[in-house]
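Next come two complexes built around chain A: one with chain B, the other with chain C.
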Partner chain A sequence: MKARREASAPPVALFAALCGLAPLVAMAVVSVARIEGYTLALALDLRAWREVAASPVMRGLIGQAVFYGAILACLTPLAAYPIALALARTPMAWKWLGAVVLLTPLYTGEIVRIYAWRLMLGAQGLINAALGWAGLIEAPVQALLYTRLSALIVMFYNTLPFMVLAIWAAVEAFDRRLAEAARDLGASPWVVFRRVTLPLTRVGLFAGMGVVFALGAGDALTPALMGGANGATAMSMIESLFGAAFDWPLASALGLALMLTLAGCVAALTLLAGRARRSARRSARRRGKI
Partner chain B sequence: MRARDWRVLALAAAYLYLPILVLSLFAFSDDAVIAFPITGLTLRWFGALAGNAAFLDGFATSMTIAIPVGAISALGGLAAALALRGATLRPRAAWWAAPFAALLLAPFLTPRTVLAVAQSMALSELGLRRGMAVLGAAQVLVILPFTTALLTAALLRVDPRLEEAGRDLGAGPWACFQRVTLPLVRGPLMAACSAGMILSLADVTLATFLAGRAQPLSVVVASEFMREMRPDLNAMQVVVLSVTALAVALAALWRRRR
Partner chain C sequence: MDAAPEAPAQLVRARGLVKRYGATPVLRGVDLDIAERSFTTLLGPSGCGKTTVLRILGGFEAPDAGSLTLNGVSLLGVPPERRHVNTVFQSYALFPHLTVAQNVAFPLTLRRARSVDVARRVAQTLRAVRMADHADRYPDALSGGQQQRVALARAIIGEPLVLLLDEPLSALDRQMRAHLQTELRALQQRLRRAFVFVTHDQEEAFALSDAIHVMNAGRILQSGAPQEIYARPADAFVAGFIGEGAVLAGRVTRAHGGRAVFDGPLGLIEAPAAPALAAGDAAAWVLRPEHVRLDPQGAHRMVVTAATFSGDRYLCALSLGETQLRARSDAPPPQGAEVGVAIDIARTYVTHAAAP
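Our next item is the complex of A and B:
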């Protein structure tokens, strides 16, 4: 009976390994292959990896991906915490509505969202129209569209629901009477948040940060369509190396270098989360003894 | 629930929906130039869509891919969720649960372009052709974490004693699943199916690399959209949004009704 209940895992795992893991292994093989004319020959040639390591452009693009991901992972919690806490206090009968409202923008395609934001941020868009109408600006603000800022604005919009969901789940799971008790004992709302709510929802926060980091760093479409002249990403470079330049080893090496860098960042975040949890537990124990 | 909470939620909803509202508004604007202020309202952009062959073909292709992708990712998610719930019921024997979850989550966290390029390379090394089937498999791969999470949450609300009662009354494992567990999660299963469908419709990156000659609507729109913004593209987005909204509403209903 034990074996039977878990029998549904292997087929799914097999599918994921075949369609997800195997192509990445193939990519690793291609990254050390040699180009001979128009075909690839199996080899152990580190030319592509050396080129990635030596190229300031490629290193810069990987750094930019990390930068986008890190900025989003740090900024989204600021907006997500108030929303998640408010959602958690919503009466039970209304929670499903909150979930639908939150999830629907996630389901609209990336293209729809980017398109909508172009209408918001353009020279004749809503924000410039509103500012002009209020008499705050003379000429439309051009910096809102086709810059790094506009790409970040849209990526923030895209990733915020994931952060809210992660924190919301954590807030629902912890006993909110603890926060109420702290309030009753005279702590200010900010102290309650910092000393009670934040430590108890840290797991959700770190999970959300990991997801938002990965999504922000891996987004190629938003910078390409919103970033204008600054729209190049490591992903767009991989695409052109793979397609137009037909340098598959280099495309593979860059892709894997990007993935390894991102995985390293997430691993560091996980370690940090583990250490923070342990030290919190230690200090709680110490306080308990005194 | 305090007044301040309502204000926060209203503000959040406004932020999330304002871009979508503006987009919808311009689809009804009479002016061919997309700019404020709006001078008049019209339905002619929607009429123009009916005569647009690229749009209609793309829509048909998208639906041909999205419906099976939705169904398969819901069933795959159910299989994964059943296993994961088994693991939470007996955590000691479940050393495999964490690596299994990581294996499912990894493709979702991999940059889409990297995943799609890797899959394209693997396909060409194997001599397989790109097309709808390959694209569908790739989409199921990145949608599985969503459906698995949704169905795991639903299964954890099912009381395991109900299934034990079924077993005690002599039902075999399959009968027990089919007559006890499945009816209890039918709503969430339908919700997962429609979520999978919507996410398939929304995908651009995987489709760009893997669709081959079949061009789904998202790819058609993306290539038009690189160049310009037109009122009939707005109308097209409103049609896509309406399909999405309908599916989300149905999913919410199903999920609540179980």
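Our next item is the complex of A and C:
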């Protein structure tokens, strides 16, 4: 059994490496190619890379992708943990309902969801109508639609199920008798969460943060439809560079720069996760040290 | 005559505890007193409600009816973290992400204790359960017996008024169990705290307890010292659940002054009896193996149907028609043969068929 798994590992790894690396290699080659008329010529021209590094617009778009991803990775757990804990406590017979409620919005398609949110957030939308009816505002709040905030609200909604799923899986595997033992030993529910539940479900949290970061940083559609004047993303820029502008080297360089930045962020998150675990152990050890 | 010794102060008082899960009653009115510094055992078959009583004491379940006080103060509505009660769980429930020392320190670190004091008390407590050498290990690197000791250390370090133990020895092998029983009893006497122990193992209950409460089907059938419960079981269920031997059904024909004439499968006998028995009551006659011996001059003739070698002697099953008795024998009994059987009737006991 074990021997077979080891024997099958190299071909699988090779296949994955080919599929993942081939397009990247192609992009890397294109990014240093030179445009001659309407064709690309193989070269070692760093013009595109220099342009990416020098352009405040492109650096801003990469920064915006990181910003969206990071904000979502940090905020979704705040809503996802309570939901996941409640789902884990739901009796087996009712869990399917939780799963359906959680996943149904994902089946409706992204465009439908985004337009639904426009109805909610617009000047004549539900939220403004409710606030006006309640007498809390005199004029509709315009900041809710066609801003970065509105893009973030919709992305938060779109990515939340993924965060809940990741944490839910971890919380289901968590032995609730440990929480009971912690209560017995004097921990309040919040302390139980902070010192027992959270450390023991951290794997799910970090997995969810990785997924949500990637979804948020890589989402072009939501900012385009919800962001208004701020709807440009690195992705939309890459698309127009590949298409209308016919600047494949610049598109490739921007794409690679974006990818390397995001990969760096995920690597940093992983390192941080490892360090957080080690330092938690160290400080706990100091507290309990003989 | 001396004044009666002062009854020990009652630490925990439960009255009329009722608990249902859906329509199923789990506790049907449990009264329970736990004396200070006592080792109290709840003994009964699985499903009798003993663990539910423990979970109510710990604060993990709320009773549907009844009262519960600790030192005279009601515990109802008090969450587990605010009770001076700690539990050693059947599964041990050690925190897998913390070392042994961190597990044991956990209750103290919640109270903003000074780290020097925490370290000193953790070391002291780990020494008390002889786990000081394993302070930096993680729980998954420990054997069952070691995990059990860590769970014990973690539960006593906060000096609870009552320590609850939910079948903590049931997952261990026989030798480790016997060893830990001795340690547990010694620890309880050293700490001078009330321990409430839940088990279905009567040997364990006898070895450890000052007081035993025998439970069945959501009720306490009998409370008393182990010797009392063994010698004078309250009814046929307790007699059958505790110890070995035979419980024969019959009827009381005459009763007076703690003795009764019992009409059963071996004819009329007169033996010590439960005081409340009256003539005409359905009753049970309790014969322990030590009350029955093989004796050629014995009054009864019975057939040896089985014999089990138990090291120091043989335990044999005897039968006379439908009636089965158990006896101890030093010599290997002749299996299948008819033997003379003598019964030490003065040491047997006649009790109620079902609890009054």
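Here are a few things to note about the model shown:
Here, the second predicted complex is superposed on the first by the 256 of 290 C-alpha atoms of A that agree within 3 Å, B and C clash if a C-alpha of one lies under 4 Å from a C-alpha of the other, contacts with A are read in each partner's own complex, and residues count from 1 in each chain.
To be clear about the criterion, a residue touches a chain if its C-beta (ideal position, glycine included) is under 8 Å from a C-beta of that chain, and two chains touch if they have at least 3 such contacts.
Fair warning: this is a prediction, and the values are worked out from it, not measured in the lab.
Of the two partner chains placed by superposition, A:Gly135 touches none, neither chain B nor chain C. By the touch criterion defined above, A:Gly37 lies against neither chain B nor chain C after alignment on the C-alpha atoms of chain A.
Ranking chain B and chain C by residues of chain A touched puts B first. After overlaying the two complexes on the shared chain, residue contacts for A:Pro199 are found with chain C alone; chain B is out of touch. Of the two partner chains, chain C is the only one touched by A:Asp184; chain B is not. When the shared chain is aligned, no partner comes close enough to touch A:Pro56: not chain B, not chain C. The touching residues of chain A, counted against chain C in their complex, run 175, 177-178, 180-188, 191, 195-196, 199-200, 281, 284-290.
Chain A meets chain B in the complex at residues 1-2, 4-9, 11-13, 15-17, 19-24, 26-27, 30, 65, 79, 82-83, 85-87, 89-91, 96, 98-105, 107-120, 122, 124-126, 129, 157, 160-161, 164, 210-211, 214-215, 217-221, 225, 234-236, 238-239, 242, 248, 251-252, 255-256, 258-259, 262, 266.
On the chain C side of its complex with chain A, the touching residues are 58-60, 79-81, 85-87, 89, 91, 93, 95-99, 101-107, 109-111, 115, 118-119, 122-123, 126, 132, 135-136, 154-155, 158.
Across the interface of their complex, chain A is touched by residues 1-2, 4-6, 8-9, 12-13, 15-20, 22-23, 26, 33-37, 76, 78-80, 82-84, 86-87, 90, 93-94, 96, 100, 103-104, 106-107, 109-115, 117-122, 125, 137-138, 140-141, 144, 173, 195, 198-199, 201-205, 218, 221-222, 225-226, 229, 233-234, 237, 240-241, 244-245, 247-249, 252, 255-256 of chain B.
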